[in-house]
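In the two complexes that follow, chain A is the common piece, with chain B as its partner first and chain C second.
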Partner chain A sequence: MIYILTTFINALNFMVPILLASIGEILTERSGIVNIGIEGILNLSAFTSAVAAFTTGNPFLGFVVGIATGALLGLVHGVLSTYLRGDQIIIGIGVNIVSYSIGVLGLIALWKQHGASPRIPSLPLISISEGLSISLLALVSPILAIAVWWFLTKTDIGLKIRACGEDPRAAEAMGIKVFRMQVMATVLGAMLSGVAGSYLVLGIVSQFVRGIAAGRGFIALANVAFSGWNPLIAILGAYIFGFLDALAISLQIAIGAIALAYPLRMIPYIGTLAIVSMFRWRARAPRYLGKPYIKE
Partner chain B sequence: MCGVYMARFSRAISRGLLIGLVVAIIVIACVAAYMAITMYPTTAGVERKKIRVAVLFDVGGRGDLSFNDMAWLGAERAREEFGIDVDFMTPKSLADMVPLLEQLASSRRYDLLILVGFLWTDALNKTADKFPHQKFALIDATTGVVRPNEVDILFREQECAALIGIIAAGMAEKLMEEEGLSGPIKIGAVAGMDIPPLWKFHIGYLFGAKYFEKKMGKPVEFYWVYTGTFTDPAKGFEAAWNMLQKGVKVLYGLAGLTHVGMFNAVIKWNEEGHGKAFAIGQDASQEWYAPMYIPISGAKRVDVAVYTAIKMVVEGKWKGGIITLGLKEGGVGIWDLEGVKWFAELANETKQLRGMTPEQVYEIVKSVREKYIPDEVWELVHELEEKIKNGEIVFKTPKTHEEYEKIVAELLKGNLNAALEKGRIE
Partner chain C sequence: MRLRLAIARIEELATIAIELSLSLIVGFGLSLIILTLFNYPALECISTMLTAGFTDINYLLNRATPLVATGIAFAIPMLAGLFNIGSEGQLYIGTLTALVIAWFTANPVLALLGGVGAGAGVGAFIGFLKAYRDVNEVVTSIMVNWILYYFTIFTLTYYLFDPAIPHQSVPVPPSARLSVINLGIGSVGIAFVIVTLSAIAAHVILYRSALGYAIRVVGYSLKTAVYAGIDPRKIQLVAMTLGGAFAGLGGALYLQGYIHAVDVTMSAIFGLGFTGIGVALLGRANPLGIVLASIFVSGLAIGGQIMELQTGAPPEVADIILGLVITALAVPYAYRTIVAMVRIRMRLARL
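Here is the complex of A and B:
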């Protein structure tokens, strides 16, 4: 019984990177820009924050650098896909490839390693009770999700951002600077992914590893669709993804039958499929999502 | 107005860009062709006598501080001793392996291609027959086919894992004694993918634990987790944390980059005061990573395997088939303090050893080992080591997953002989 409870709490730590990346992507997509480069943002901000934390010994500075990296990649994506009318999917793929490669080359250049960095000072976990710890960000990230929801639905700027995603032409007619809004939303979204990337290194693992995002950016993309572009539902989605991951491991430990190792590890994937197909939120994608807006 | 101008402007850019691109491609092609023509005779004429070897890492690449780094070590040793040329390559993905092999084999540039790791098996099976002139050495896996141009070098992992199993149980007992805990001794392992080399580790480690149980008369509870990945440290952390929550005291890392996450879980567990626990490394000596909490590592001498393969080519004693390396051949074992120091120095050279000198690593590991591995445990280890070395007992190597499951189930019941092909433990 207690063991089941620990699984629920452990899942919180798994949830964090997916949740942060998801709400960032929701913010971006609501403005009409698709950024499939979040996997790359996770990888690169993880790398830069690792380097910063390693050289200065200060994990908080690592976070700052990671967020700045996210902002920079967001700016590149935003400007390319608005003012320069780039294909958003292709830019995203480019960011994914470049970021991964910078991580690999950086490891070689700095530590002559091809796979992993040395140990990096990380944030302490918050101890709940004997043997139960969660990261500070496990508490902060749901709050951030609520903040993003509030920002999108209750503020003027949020309304403007959504208008750009629904009908940029009309938004433009109302005097909204569409490109500026979209770039801003992309940068903010990418900064949240930057936090997620830094968290992977500084929150748990205490080390940068080549391709550390391990597909979490893509899971976040799935979560965005699952949540119906609603940051509040994204909390639930990210938690379910995190929980299924934690469950796959704890069931293996609890049952201990190696014959079941493969079926148990399929839990996250089958569970994801089941949940995504079971729930249908009454939501649809922003109407102008992914289409470059061409000014008349 | 502005829009029209922009559109015309971008059209002009794209036309210019297109022309530029075509010109660039033509120039690059010409340069490449020129280089291919001029370079080829020199490599063929002058350097042909020098033996060239390519070491192809598995997708993990170097820097796992473990498997691939060891392959590099063995090749470097061979380079120094035999004066050969060695190149290192890492495939980008599994899909990249077959094209890479075909390209290298058809270039006829290398006398020997050394493929590091199980993941190369399929790719080699698809290419080996097409290039009979090309020698391949597959490390730590077998294609199951005997070819004159292919050597498969396997390890008898069970042998080192069994010794580690005894030590893990011994250390866990000592840790529990120190904390005043009662109940069964709990040890565990974080494993990567469910593949044959790990089956052997599982059998050996479990055998060692149960050997300890039998000889010392103290029950050992055993945990084993497949994370399904060699590259996701967050999963390794999670698996380790989970077992630590269950009261596991010693964790054995068998998952490449994934078990680096396990190390960090153990370090955090200790440093944040949840209790005391140890981690055990594998393949290379990994004590330097956190000598306070990683007092010992199992050795899988991939370097010895790579060196052996190169030596066969250099000395002209090439013979296709399967070779296995165990305790007797020095292919597996436990890293001694000299090995620990050597790896600490390597880590220091690459600026990874922060705030410690290699000597300090050596001293810390030495004192932790003295404190937590009592003499009677070492005696058990040496006793088993002797039995293995002189061939008194030989471990089974499961051919199928069913066979593996059966052996593990029997071992869990305490039937040690189920894991043995030859000899008996009374």
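Here is the complex of A and C:
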């Protein structure tokens, strides 16, 4: 019983990075830009925020640096995808490889470690009971999701962003600066992924681990499609995917057999695969998603 | 007329050469900055990487073998408009299947075919989900990679470990290994010969067959394909299956031809699929270009290991460079604009 309760509450903590990355990606994709580099943003911002928090001892400063890292990678992705007409998927693949490897290089260069950094000062948690606590971001991130939903559907600028994703030519004719809008949406989305990456270090693990994102960026991408590009449904999706993460850990503790550790670690990925191939909200992708808009 | 065509062809090749060299310059230039930021002797690192890996030709070709295969594994689906990021997992399962079959039958051909089949099966699974269930192939690929990563480690650790060396898998029996053949001027691994022949076969399929034509039409435009009477779904499925088959082939060949056993952390084969993406892009998705690109990239990787011994910088530096080059290769338009601007300048200067 206690395991079950722990799992449901722990799932809130694991929901956070997936939810933040998902709503960031929804914001970006609604403008017509696909950023599969969010896995890389998670890895790199986790690394930079770990370095910042480690050297200054201040986890909040770590967050600021992590968000700035996300913004920088988002700016690169946005500019290359719009003004320079790059292939969005290829850019994302490149960013993922570079970010992962910079993390590994940094671990060795700064801490002389191949697997994990020393302890990083982390954020205070809200304690619920003995050994059970949740992060403040578990409460904040759903509010952020609602804010993104409101921003996209109820504000003028949100409408403009969606217009760029649906029909950039018409948007341009209406006087919207499509490229500028897309770059902005990509930077904002990447900043949310930057928060997610920092949270992995400063909120969950309290150290930087090689390849810390462990596919969560792609699970977030799966969640984006699952949610039908709706930040509100993304909360539900992120909780389900976070639950799979928490379930894998609870089962490992409950069963205790070391031999089963590897099969249990497959749970989040098998679950994600099953969910995206079986369930789908009745919604379609933004019409111009991923297609380069070439100005005449 | 013929002269015109020849000139156009030369101009096209020149543009490609400019694109590739500018991308490489961007990749190496930015890595110099990153290395300096981390306090490594950047110039020494890069110059070691560019030279040290190319001295032992046989070793170079052995290391290039799986990259040729994973490069093609990315290139074929890419020409059909799909991104096969799953070559990483397809290579794992190809290696594992080849190892199991080799261990039980000691038959090199069966092991090789098993590896190809296992990779193809995974490719077909991803392709099926994309074509018939409209699930993004990038997402499925990554999920499948992680599942197969843990599956392979689990199997190696608990069922296939070598009692004498517990951190290693059982070895491929000598009779199932692919040795070297003597070509008169020198000897070369059979695995490299097989992969080169497969690359030629891939080239023929892609550019000289009806199937290859259909693949390229689907990649160019789904609508055009439908008008031309091609079923894009079937072609997507076939392209992903072919891609998976190549990745599986790469794993089997590397195992039987060179490493003969896998360490239980899979460090010997980890990353070969992802590196194949860079190889495919550097080789312009052309199988013969991919053979050259994989030799270059494996030279970088070997140079990276030698660099680690000399400077302490980890071999992942090679991955950073490759990732930067991939990103730089994604924006050919930027280089074309630069070339066009230079041309206009030159013309203006002549006036």
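Rule of thumb we're sticking to: the second predicted complex is superposed on the first by the 261 of 296 C-alpha atoms of A that agree within 3 Å, B and C clash if a C-alpha of one lies under 4 Å from a C-alpha of the other, contacts with A are read in each partner's own complex, and residues count from 1 in each chain.
Keep in mind that, in the parts below, a residue touches a chain if its C-beta (ideal position, glycine included) is under 8 Å from a C-beta of that chain, and two chains touch if they have at least 3 such contacts.
Quantities reported herein were computed from a predicted structural model and do not represent experimental measurements.
*Asks:* Look at A:Ile23 in the shared chain and tell me whether it touches chain B only, chain C only, both, or neither; answer first, second, both or neither.
*Replies:* Neither partner.
*Asks:* So in the superposed three-chain picture, is A:Ala259 touching just chain B, just chain C, both, or none of them (first/second/both/neither)?
*Replies:* Both partners, chain B and chain C.
*Asks:* Once the shared chain is lined up, is A:Val187 touching chain B (first), chain C (second), both, or neither of them?
*Replies:* neither
*Asks:* According to the stated criteria, A:Thr6 is in contact with first (chain B), second (chain C), both, or neither; which is it?
*Replies:* Touch status of A:Thr6: first partner only.
*Asks:* Report for A:Leu132: first if it touches chain B alone, second if chain C alone, otherwise both or neither.
*Replies:* In the superposed model, A:Leu132 contacts chain B only, not chain C.
*Asks:* Just chain B (first), just chain C (second), both, or neither: which does A:Ile176 touch?
*Replies:* It touches nothing on chain B or chain C.
*Asks:* Tell me the contact category for A:Arg85 with respect to chain B and chain C: first, second, both or neither.
*Replies:* both
*Asks:* Does the superposition put A:Val51 against chain B (first), chain C (second), both, or neither?
*Replies:* A:Val51 sits against neither chain B nor chain C.
*Asks:* Both chain B and chain C touch chain A; at which residues?
*Replies:* Residues common to the chain A contacts of chain C and of chain B are 85, 104, 110, 214, 259, 262, 265, listed in rising order.
*Asks:* In their complex, what parts of chain C are in touch with chain A?
*Replies:* 34, 38-40, 83, 85, 129, 133, 135-136, 138-140, 142-147, 150-151, 153-154, 157-158, 274, 277-278, 281, 312-314, 316-317, 319-320, 322-331, 333-334
*Asks:* List the residues on chain A that touch chain B in their complex, please.
*Replies:* Residues of chain A touching chain B: 3, 6-7, 10, 13-14, 85, 104, 107, 110-119, 122, 124-125, 127, 130-133, 200, 204-207, 209-212, 214, 245-246, 249-250, 252-253, 256, 258-259, 261-262, 265, 294-296.
*Asks:* Using the touch rule from the top, collect the residues of chain A that touch chain C in their complex.
*Replies:* The touching residues are 36, 39, 76, 80, 84-87, 89-91, 93-102, 104-106, 108-110, 214-215, 218-219, 221-222, 225, 259, 262-263, 265-266, 269-270, 272-273, 276-277.
*Asks:* Would you mind writing out the residues of chain B in touch with chain A in their complex?
*Replies:* Where chain B meets chain A, its residues are 2-3, 10, 57, 60-65, 68, 90, 188, 194, 202, 223-229, 231-235, 237-239, 241-246, 257, 260-261, 264, 267-268, 272-275, 289-290, 347, 350-354, 401, 404-405, 408.
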